[in-house]
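Below, chain A partners chain B and then partners chain C, in two separate complexes.
Moving on to the complex of A and B:
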């Protein structure tokens, strides 16, 4: 039987972390660091009577993207919601520091973060929160060293909590329709502020607030792709070439952009109010468009910010 | 959580030349299997950690049937299980043996 589906035609959302890496990078170029056979597992989960994962839910290593050396980290969103624990976080910190240390020698051309996470693991929350801080610090240092970091988000867990913060710190962000990027997730908001503040079961509302289309149209993501692994690969290749420098000029411009955005849309109650102010056609129907029709909307806002 | 091992004797060495492979994810109703070619050709071992307790006899039966079907001599299987059904367990074990036959 021949292969009916080539790996990189597969759907990003349905793929595992390992399948995403295999389809994203050049064939057979991936070399894993601290692979599952090393059994770098969480020391905490067994205390909660939970079985672990041999890679603690994140795959890290190096490979090639169209011949260029890249470092890559992929979270497995189906294992504990892709959440950050001590080992999981340390693996990401480690690959980022390795990228920084190689910046002036034979280091990578870019770092790709395949984020798929609900945030910090409750069972090892302190270690997870510390890991988030170390990762943000390492992301900034890698970017300062002149190496772009791309966030690729399109898995079932989205990028929430510390994962949302890390995403926002990256040089460029790629999303597909399934992606959600935010800090406090819908259920967290509902638990703390009540269902009138946010009904987490209203999926249309969730996507209008933190979904990929809203993020893209308001400049919170740089590229919206249709969702195959190949689409993410092509977007990553294009964005590595035009990643912004990480300097004061870029940051001041980004601060200015965000202030203007707040001034212009700060009184909007829902996403369609923003689309109306932006002058987009049929603002109520943005969520219903298919990907091709959505991508045909030309907008200002995306692709000119600090990322 | 429950942990146990199932050992078997095998008639022949498992096919292929790969040293190790991993398949599946430890998620609800799913499991991950790590296979390593680390044992003598006449032995195999399945190491199970499962989130669900009390199904040891069913695990034993599923694994014994798998060992009889495939004779995976020399392979050690390590499982992290999130409460997969028996047919899913069989599927992942068969996939893992198949992966070991791929080119290295």
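Moving on to the complex of A and C:
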């Protein structure tokens, strides 16, 4: 008799938001807040002839990670590209505020953000944009209260626009090969600046500019994992133990880190130019390595201790 | 309004502001009841890229380091974030997030933060500048947006005329001061006939908000009816399951 595939052996990229949560947390520990039975649907989509979803594309709740209480929010990249609308964004704001309010008593040990988003949902652009700003504010306050927030990115939609900004506000960032983390999407740059600036159909280029390997090697992500849900779980467990505090020391170190990146690599046009300056072997081939070979790369350029 | 007009109207008692690279500026301005306060900004319609963002966060962090707790005014006439392959390759998301975090840290350390928008600000640049201060003041000429209507039309596949018609009945997606005021993003709008210096002094006298009330403001102004209720419901359930 063959064993069924365990939920956490599944591929993060292929999984839905709910499957990711189920595989990430301890079995049967997840309790959802404002679940689909409460039908918190976006009221703004009908005027664009779009059908809403009962969870508005995000699942929030609490559960356990190796016995520790955590709050979790997972975007569903397959619903309108995981984009931030009014309800979607407010669910994330709500759980972050609850995490902060619970600090020092019965609050969570950590908050896990499973980002999978193209950014603001343009059909409700103002509400989505404001939600992102409210989430940034709430993330900072949760971190200031001593609760680490991890961004886990490896879904179809990536973490674009405000999603990229929120990612970089988190205490630690975990990515898998599929992840793209960026502000302007390649299509948006191509439409505004021309195909010479950014050919969005050149997938290899897109990943060299926005992809997980570039983020990891330059310091934009703390962990690069192979793609299973279990890999993300193990990284999350390791990272909540040594998350940086949110204070002047951390931000001054980040200022230094980001300034040095521009000084060292600011004139680079493409990722291999950066790898060459870092002294990595075969800079043109970094993208072709399998995950094991990629993870074997050790570089000083990827060192960073602040976020 | 031009930058000089804005500076003169905000700081009639004097200001010393230096223009830096990438459209940035920094310096001080004198405000009644406050003395010299810090002024930083991104102006001239310059898109906010990695180079401008790191300069601004650097100015903000040096002010926090100096530990004088004076207010910080952020003057804004930018565009969207700089849309360029090189900025994304450098990790623009980190630079914009770092600027937003630096302003949040300043506020947490007792600096009253006020952004003053007198020109454009869009998308990621709007988040990292105008929306990252405790208060956002819009002056005449302010043009905040998430995305312009032609781009929204392209993405949503709705004809531009239909979008324009729709935007008359809802502030939820259209660009401009009025819809963003209604949704709670803009704290105050000062008309041309207002004494800006007095308004700024009055705003800085108010005790700073300790929590983000923009969703409540959006509800009061009837521009964002659900956000506060949903956030409260989720937080309530989280407490109930504790």
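We take it that the second predicted complex is superposed on the first by the 300 of 307 C-alpha atoms of A that agree within 3 Å, B and C clash if a C-alpha of one lies under 4 Å from a C-alpha of the other, contacts with A are read in each partner's own complex, and residues count from 1 in each chain.
Simple rule for what comes next: a residue touches a chain if its C-beta (ideal position, glycine included) is under 8 Å from a C-beta of that chain, and two chains touch if they have at least 3 such contacts.
The structure presented is a predicted model; accordingly, all values stated were derived computationally and were not measured.
Student: Chain B versus chain C on the shared chain A, clash or fit?
Tutor: Aligned through their shared chain, the two binders fit side by side on chain A.
Student: Per the contact definition in the header, classify A:78: touching chain B only (first), chain C only (second), both, or neither.
Tutor: First partner only.
Student: If you stack the two complexes on chain A, which partner ends up touching A:258: first (chain B), second (chain C), both, or neither?
Tutor: The answer is second: A:258 touches chain C but not chain B.
Student: Which touches a greater number of chain A residues, chain B or chain C?
Tutor: Answer, by number of touched residues of chain A: C.
Student: In the overlaid three-chain picture, which partner chain does A:46 touch, first (chain B) or second (chain C), both, or neither?
Tutor: Touch status of A:46: first partner only.
Student: For the superposed arrangement, I'd like the angle with vertex at the C-alpha centre of chain A and ends at chain B and chain C, nearest 10 degrees.
Tutor: About 110 degrees, rounded to the nearest 10.
Student: Touching A:268 in the superposition: chain B (first), chain C (second), both, neither?
Tutor: Second partner only.
Student: Which partner does A:209 reach: the first (chain B), the second (chain C), both, or neither?
Tutor: A:209: touches chain C, not chain B.
Student: So in the superposed three-chain picture, is A:165 touching just chain B, just chain C, both, or none of them (first/second/both/neither)?
Tutor: The second partner, chain C, only.
Student: Of the partners chain B and chain C, which touch A:37 in the superposed model: first, second, both, neither?
Tutor: first
Student: Name the contact category of A:16: first (chain B only), second (chain C only), both, or neither.
Tutor: first
Student: For A:195, is the partner it touches chain B (first), chain C (second), both, or none of the two (neither)?
Tutor: neither
Student: After the superposition, what is the least C-alpha distance between chain B and chain C in whole angstrom?
Tutor: After superposing on chain A, chain B and chain C come no closer than 14 Å at C-alpha.
Student: Just which bits of chain A does chain B share with chain C as contact spots?
Tutor: Overlap of chain B and chain C footprints on chain A: empty.
Student: Applying the document's contact rule, which stretches of chain B touch chain A when the two form their complex?
Tutor: For chain B paired with chain A, touching residues are 1, 20, 22, 25-27, 30, 32, 34, 36, 49-51, 78, 80-82.
Student: If you look only at chain A, which of its residues touch chain B in the complex?
Tutor: Residues of chain A touching chain B: 16, 18, 35-37, 46, 49-55, 76, 78-79.
Student: Which residues of chain C touch chain A in the complex?
Tutor: Interface residues on the chain C side: 50-51, 54, 57-58, 61, 64-65, 80-81, 83-98, 100-102, 104-105, 108-109, 123-124, 126-128, 131-132, 146-147, 151-152, 154-156, 158, 166, 170-174, 179-180, 183-185, 212, 214-215, 218, 223-224, 226-235, 237-239, 241-242.
Student: Give the list of chain A residues in touch with chain C in this complex.
Tutor: Within the complex, chain A contacts chain C at residues 31, 33-34, 40, 43-44, 47-48, 60, 62, 71, 86-87, 89-91, 93-95, 97-99, 101-102, 106, 120, 122-134, 136-138, 140, 144, 159, 161-162, 164-169, 181-184, 188-189, 191-193, 197-198, 208-210, 214-215, 218-220, 246-248, 251-252, 254-255, 258-259, 261-262, 265-266, 268-271, 274.
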